[in-house]
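Supplied in structure tokens, the structure appears directly below.
Per-chain numbering from 1; labels A, B and C assigned in written order.
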Amino acid sequence: MGAVVRTLPIRLEGVAFEHGATRLLGPLDLTFEGSQRTAVMGPNGAGKSLLLRLCHGLIAPTAGRVRCGVAGAPTDPRVRRRQAMVFQRPVMLRRSVKANVLYALNRRGIKGRDARSRADEALSMVGLQGLGSRPARVLSGGEQQRLALARAWVLQPEVMFLDEPTSALDPQAAQAVESTIQRFHERGTRIVLTTHSPGQARRLADEIVFMADGGVVERAEAEAFLTRPQSRQGQQFLAGEHTVSPAVHPRREDSHHE
Amino acid sequence: MLDAFASALALIATVDAELAGIVGLSLRVSLSAVFFAGLLALPVGAAVALFHFPGRSAVIVLLNALMGLPPVVAGLMIYLLLSRVGPLGPLGLLFTPTAMVIVQSLLIFPIVAALTRQIISDLWEEYREQLTSLGAGRLRAIPTLLWDGRYSLVTALLAGFGRAVAEVGAVLIVGGNIAGVTRVMTTAIALETNKGNLTLALALGVILMTLTIIINGLAYGLGQFARRRIG
Amino acid sequence: MSRYKLVRWAVVLGMALAVSLAHAQDRGFITIASTTSTENSGLFESIIPQFEDETGIEVRVVAVGTGQALRIGCNGDADAVLVHAPAAEQQFIDDGCGVDRREIMYNDFVVIGPGNDPAGVADADSATEAFGIIADAEAPFASRGDDSGTHKKELGIWSEAGVDPSGSWYRELGSGMGAALNTAAGMDAYIMADRGTWISFDNRQNLEILFEGDPILFNQYGSVLVNPEAHDVKHDLAMVWHDWLVSEQGQAAIGAYRLRGQQLFTPNAE
């Protein structure tokens, strides 16, 4: 197989994204390194989801470039193998819970008994052991999201991107998801998540990247930003004035950009 | 009309050997055609859905249009192909059930491919980011999507089956409606109508419709059962 | 994985279907192109089993219009033809499509029309006169219009009567005998049909036989082998059939056939 590819640090160099005539993000320079947990925060339309998708290679920047680790683009299969992403709404394949996790393993060439035991371990990790043979689609929202986490984690990714992982869940389910994320962090996975909940950021983040109008406005330690935001937008945001960024057409952040 | 139903029941009750043969052949021909057409149409439909190649729009329009290919035209085309004076003449396939399977496959293919394209396209919209993240690019996603869309795809196959089992023009031309060899339900109905035996023709029609309803019912029931068990 | 098992089963089933269809075609057989009216008369169902018993050769009949039957013969898609259009049969041979024509049998046509006979066809002394009466009265007449032997016979009689049939009263249908009779019954029209189809026709409504018996209405059947030098046909097996039709057994079988108690075909091979 060769040496394990290191995909950190993630460097964004002059990255911008335009859709038609509208600039949605950038140009910005940003680096993710180290092992701390990062929360990307900001009002709707700030570009948070876009940022994650650019880092994961789901979208190509219209200017600049993204580099993961030693000169690797995020679309390189070796890089992608070391990353994982969990979306706001989990996408479950029409098969059993365990089969969903096995799918991720099989995609990367891990099969047979080895795959099955790793799948079991991942399901235990998220508290879904015993539900392996249940059809994935009959699970509750929270359970599906935890399944998505298990599936994302089973390959021991170096980096895990999570795009508003709990915004579609009730508080109890959200709590279960949060503790799972914390567990991943403790096992060594670099967490980068987006959220618009300061409470969640406080619980789950070591540092906060605050975005507005497609740019990074502030970057600080979580506690520092949450108690004493330096920027005007940051202060407005935390004070509860979530305005839609005027530079952007009002659109859902998780819509597909093509 | 009631005579027809009564005759239909009488026909079935007497378990007429000839009728059984005709029904059996209808099913074997049309099911084979669905099988072979589906084998090709499912991956082709999925590929057209996923890949943007030059001329893609033309292919989509063509597939949609060919859903309306008149069976007699298809029959004529295959006849010219399989006739001894045609390019595939030496194969000796004309007036055989194989020829009927070929022509019905031709009729079914556009339907299944076009419907598959639509189904897979919608699925890809939903799954694209997640599958890409998991390392399944477009090509490797095809079997995943086909399996995940299996219930809708079965409906597409049933649509193809319906078209095949109901048509008469194509199988008449390439099959020849030979008694005991290439006579199927629809050509038998056409023959009896031709002879003026309208009651018998209608009775055969009732049987054909009943068969189609049963098959659709079975497929639906199987689907519901599978859904509940496997999800 | 239940998924793969299912797919594998489907493939096996598909292959089995295909094989079952292919296998069924593995016997010594000949293909005869004939006409729908001959098939509809039930003659084949009666005499073919006798032939198959005696010779062990399976006979497959493709029944279409005369024009199409001869075209099938010319294409080499049949081994022999059995039709009832002597002129067309001769042309068939002249074109190099067929060899060795033999007269086998004849049946007859009848002139059918609505029971009240508005044109007065029943009083005619000949078929030609009957047709002339219909044309003069411009009574609705249903023609098969499909280039079949029946259609050619009908056109021949119009020609004898000095009539070029056209106008809204003359309906060219482009269909087989049974379908044409259905239409005629629905339209209360006159029509010329072969006796066989008429005997087994159940949707008569107001129609009845109004004229018959004129020798011009006799319908001669001929068997012609497809030219073995033009196509790779089963000439030897077809010859067995050809010989049998004119043999004592074949001719007797033809003469013995009864449709609803009536004899349809008169064997007349030399």
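Note that contacts are C-beta pairs under 8 Å (C-beta built on N, C-alpha and C of every residue); 3 or more make two chains touch, one makes a residue touch a chain.
Predicted, not measured: the structure shown is a model, and the values here were computed from it.
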Chain at maximum distance from chain B, centres defined as averaged CA atoms: A
Chain pair bearing the highest count of C-beta contacts: B-C
Distance between chain centroids, defined by C-alpha means - chain A, chain C (Å): 77
For chain B paired with chain C, centre-to-centre distance based on mean C-alpha positions, whole Å: 32
Centroid distance [mean C-alpha coordinates] between chain B and chain A, Å: 45
Sites on chain B at which at least two other chains make contact: 147, 230
Shared interface positions of chain C, touching two or more other chains: 3
Overlap residues in chain A, where contacts from two or more other chains coincide: 95
Touch list for chain B against partner chain C, complex: 28-29, 31-32, 35-36, 39, 83-86, 89-90, 94-98, 101, 147, 176-179, 181, 191, 193-199, 230
Complex contacts: residues of chain A adjacent to chain B: 53, 56, 58, 77, 80-81, 83-85, 87, 91, 93-96, 103-104, 107-108, 134-138, 151, 256
Residue numbers on chain C that touch chain B, as the complex places them: 2-3, 10, 13-14, 17-18, 20-22, 24-25, 31, 36, 39-40, 44-45, 60-64, 75-77, 175-179, 181-182, 197, 200-203, 231-232
For the chain B and chain A complex, residues of the former touching the latter: 125-136, 140, 144, 147-148, 150, 229-231
